[in-house]
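Once you scroll down, you'll see the structures, which are given as structure tokens.
You will see chain A twice below: alongside chain B first, and alongside chain C after that.
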Partner chain A sequence: MDTKQTIIAILQDITGADVSDDLDQNIFDSGLVDSMATVEMLLELQDQCGIDVPISEFDRNQWNTPNKIIEKVASMQ
Partner chain B sequence: MVNLQPYASPSYFIIIGLCLLPIIVGLYHGKRFVAYETLFSLVFIVLTFGGDHWHQGVALIGYVLYQLLIVGGYARYRRRNNQTSVFVVAVVAVIVPLVVVKVTPAIQVGSQSLLGFLGISYLTFKAVQMVMELRDGTIKAFQPLPFLRFLLFFPTISSGPIDRYRRFEKDYRTAPERAKYLQLLNKAVFYLFLGFLYKFVLGYIFGKLLLPEVAHAALLQRAAFFHTGLSLPLLGYMYTYSMYLFFDFAGYSLFAVAISYLMGIETPMNFNRPFAAHNIKDFWNRWHMTLSFWFRDFIFMRFTFFLMKHKLVKNRVRISQCAYLVNFLIMGFWHGVTWFYIVYGLFHASAIIINDYWLRFKKRHQGLPHNRWTEGLAIFTTFNIVCFSFLIFSGFLNVLWFK
Partner chain C sequence: MNLVQEIDTIAQQNAARIVYDNLGTTNTYRDLKQRSDALAAQIDRLALADHAPIIVYGDQTFNTIVAMLACAKSGHAYIPVDRHSPAERLTMIEEISHAPLVIAINALPIALPGVQVIAPAALNLICQQVVPYSLTHPVNGDQIFYIIFTSGTTGKPKGVQISHDNLRSFVDWMVQDFGLPQHVVGLSQTAYSFDLSVMDLYPTLLLGGELQALDRETTGDFKRLFSALGNLKINFWVSTPSFADICLLAKTFDQAHYPQLTHFCFCGEELTASTARRLKQRFPQARIFNTYGPTETTVAVTAIEITDDILNRYDRLPIGYAKADTRVWVASTGADQSGEIMISGPTVSQGYLNAPDKTAQAFDPSDQYPAYHTGDVGVQTADGLLFFGGRMDFQIKMHGYRIELEEMNHYLNKQPQVHQGVIVPKYNHEHKVAALIAYVVTKTKQDLAQTNATLTETIKRALQTELMPYMMPQQFVYRDQLPLNMNGKVDIKALIKEVNPNG
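== the complex of A and B ==
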């Protein structure tokens, strides 16, 4: 599975929503992801993608759409 | 010697405006006069903590040296090692002075700790943040001078907004482009005048003119409703105090942001129309934002991360509830060790937990009506819950019931 699919699957798992039809939606503004879901996502990224994102590295403005997350994760792998 | 409290009087604004002129001219030409800015900041810190406040000045100097030692020491340690126990000790050491200052009045009634000074909480938030980011590795090098500049940035020294080190440092290292700086100047002037309206007009009307009147009326109703004092004037006090609290604090925050902008530093905003929030969660994204985001990033998220990583609690709903309780209890204690601040914290934790139940219910029942009437009802309900929490926060119930 490539990064894109992994991220979509992680987000689906955490939020229960399929984000694949709009990868540029703001997941914080829509209330889909909150602080709690963010932490779950960071832990999943650690487990599934092997990347370590400290909480202070997590700037909401840089992680607020599925596409940005995919890009970030790809750049860190 | 004279003493000038920040943003308290017209003369403060005149003096600060004159002293800022060279900085503004410099930034307009793309230059930052670091030496002048440092001198200027020192003068204003002396003006705030000098004169008859000199003992606070001494406490501030001691505090800053102490934090330099702890944060600098931890940074040095962190270059080679990363033990959790050392990190915990460093965090505890950083917050000890604040804890002493907060606990002293609760133990010895009416007395203030000698360690205290105006703004100690806000300096502590910044110091804790440094240790946490050094631990995370997002701040790699510790430099004493930039750290001091960040800690003692005088527009925000007394009551925030709470900035972030990396953001602040980036602004400080460069001067903004001219077009950008002109935008900042524009906003700064607007914020200053909005601040005058908020703090010196509306804050004055609600706080100085109306509040004593409704307080007096509410105290006359002590015997009302089975001696609970619950009366219409008390309701009046609740709304008046809430308005006063918002306009006074938002006005102050606008001044702090405006002065920062004039200095080419984009200190984050503290309020975003909080009374338009449609639920409590939304409220905390709009009210005293730099504080609630600080709590979110350095307490709530770290605590949930810890619980999940070590699988201490399995159920994710329970985890978030625990984290909310811890988060808001700490916030309550931070305001002060009195029953009403702690109840204020518990009240907000309960409100946000109930709010989360409702949000989950709504998610499961997609067919629920959603229109401008339900939206209006949501805003109205949130507003009243928030105002009630401010009534607790005000300490007026303490006077009404126990004094």
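== the complex of A and C ==
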């Protein structure tokens, strides 16, 4: 799986929603991902994509759509 | 010995010691005694009906524990209500409990007609007074010490009554069996309206220790959380596993940065092997305890230390052995030896406040201690080790919060746009509830003319006034019809299967 598919699968596991039809939706504003789900998402990204999110500087606005997450993860890999 | 009396004596012996540290604002045992004495005297002056419960409305601040202790000193049970609860919940708890008094650490969001209120400004004035108080009628024996409201099935929460003797038995077990040191420094992170907070509060007070608090505004914001976490100097960690997962995101959450942290106690939801394993790697010298118990049996009744040996042996961690004076057994039904977990012992509640029918359904009376039907499925080994295997009904645990799906369905179906709706849990690959999905059939086709996003927004806004924030479904799905079972009711099990095809 490439990064994009991995991230879509992670979001599907956590939220039960398939986000692939709209990769620019704001996952926080819609309530799809709340603060606990954010934690699970970051844990899964660490495990499955091998990245380290600098959590003490975590800025939600840089991670608020599937496309931004894909871009962010790719830049960190 | 009476718990209130003992805490009062400890407060005098440790007068100069810090008892509460709220992000750098500290208070001593002297403050605790002086303020709780003054407030207890004030409660006595109000001449409330004997033992009538008092609502304490607040969150992670020193005056909240002052108020709880003052209630106990003046012989009244307290009902902790977190200030982040919707206003509707406060009204409902008032209706069920008929509490004649609310101590408002934070300003109340609504008026409660016919109820006396000690408002924040008055409370501050009372707390400045020095009033000699003799402890003549603290809560004792079978009298109720606290009442915690949990999710109910019909939209009405249930008030679990915990007596002085229930609490005494629980706290003695914590102090004796978990190897906590004198003057332990404990974490106070869980809301006082959630009984997991009792696990850190009373053992810490009885050991003359200190509570270091993290409030919701801090834990809800990663930047603030990780800066506050770095300032904690605690020995004794109590939280849900979910909160530990958050902290584990920071690489610096380890033994080198928290050398005093020796004890982790988990309760409130399933501790997964992966969380325990990560924690063990970060804190190889700390002792990690998994515990289990419903609110109805006073916080927890089983415990086990999670060692490397246990981690190697089990994929799904055991929830422990019963405390010595308590009988925990599995009312076995299936060929696989699994069945409902039953609990009987000195920490089992007398029942729900002003709800004899609900009490009779869940508690079997007996000669010595009532037996509580947990509704949890478990299996037990021959030597008494207990394993959790899910729920018998539609109660779920999400991030440590106990939620009755039927209660939420009740509210969902009350909405004018909803013809039929059910809320379905989505489990992740570790069997934990990761999200709640609402399936809705709308009343009229006209509603469908609105975009689904607008409709969802409208329903969510209405639900916000009645549901706790953690109960809000993450996703709304609109259907023309929902699957029905043979009784013509919505087939929730079929929907759960649809949402969790691999579960």
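Miscellaneous remarks
Assume the second predicted complex is superposed on the first by the 77 of 77 C-alpha atoms of A that agree within 3 Å, B and C clash if a C-alpha of one lies under 4 Å from a C-alpha of the other, contacts with A are read in each partner's own complex, and residues count from 1 in each chain.
Heads up, the rule we're going with is that contacts are C-beta pairs under 8 Å (C-beta built on N, C-alpha and C of every residue); 3 or more make two chains touch, one makes a residue touch a chain.
Note that the structure is predicted; figures quoted are calculated from it, not measured.
Shared-chain residue A:Thr3: touches no atom of chain B or chain C. When both complexes are overlaid on chain A, the residue A:Thr65 reaches neither chain B nor chain C. Look at A:Asp13: by the touch rule set out above, it reaches chain C but stays clear of chain B. With both structures placed on the common chain, the touch criterion links A:Leu43 to chain B and to chain C.
Contacts of A:Leu32 after superposition on the shared chain: chain C is touched, whereas chain B is not. More residues of chain A are in touch with C than with the other of chain B and chain C.
Once chain A of one complex is fitted onto chain A of the other, the partner contacts of A:Ser56 extend to both chain B and chain C. Within chain A, the residues touching chain B in one complex and chain C in the other are 16, 31, 34-36, 39-40, 42-43, 55-57.
Residues 220, 222-223, 226-227, 242, 245-246, 248-251, 399, 426, 428-429, 434-435, 437, 453, 460, 472, 474-475, 499 of chain C are the ones that touch chain A when the two sit in their complex. Touching chain B in their complex are the following residues of chain A: 16, 31, 34-36, 38-40, 42-43, 54-57.
Interface residues of chain B, counted against chain A in their complex, comprise 132-133, 136-138, 281, 296-297, 300-302, 304-305, 308-309, 316, 319-320, 323, 359, 363. Those residues of chain A lying in contact with chain C across their complex are 13-17, 30-37, 39-40, 42-43, 46, 52-53, 55-58.
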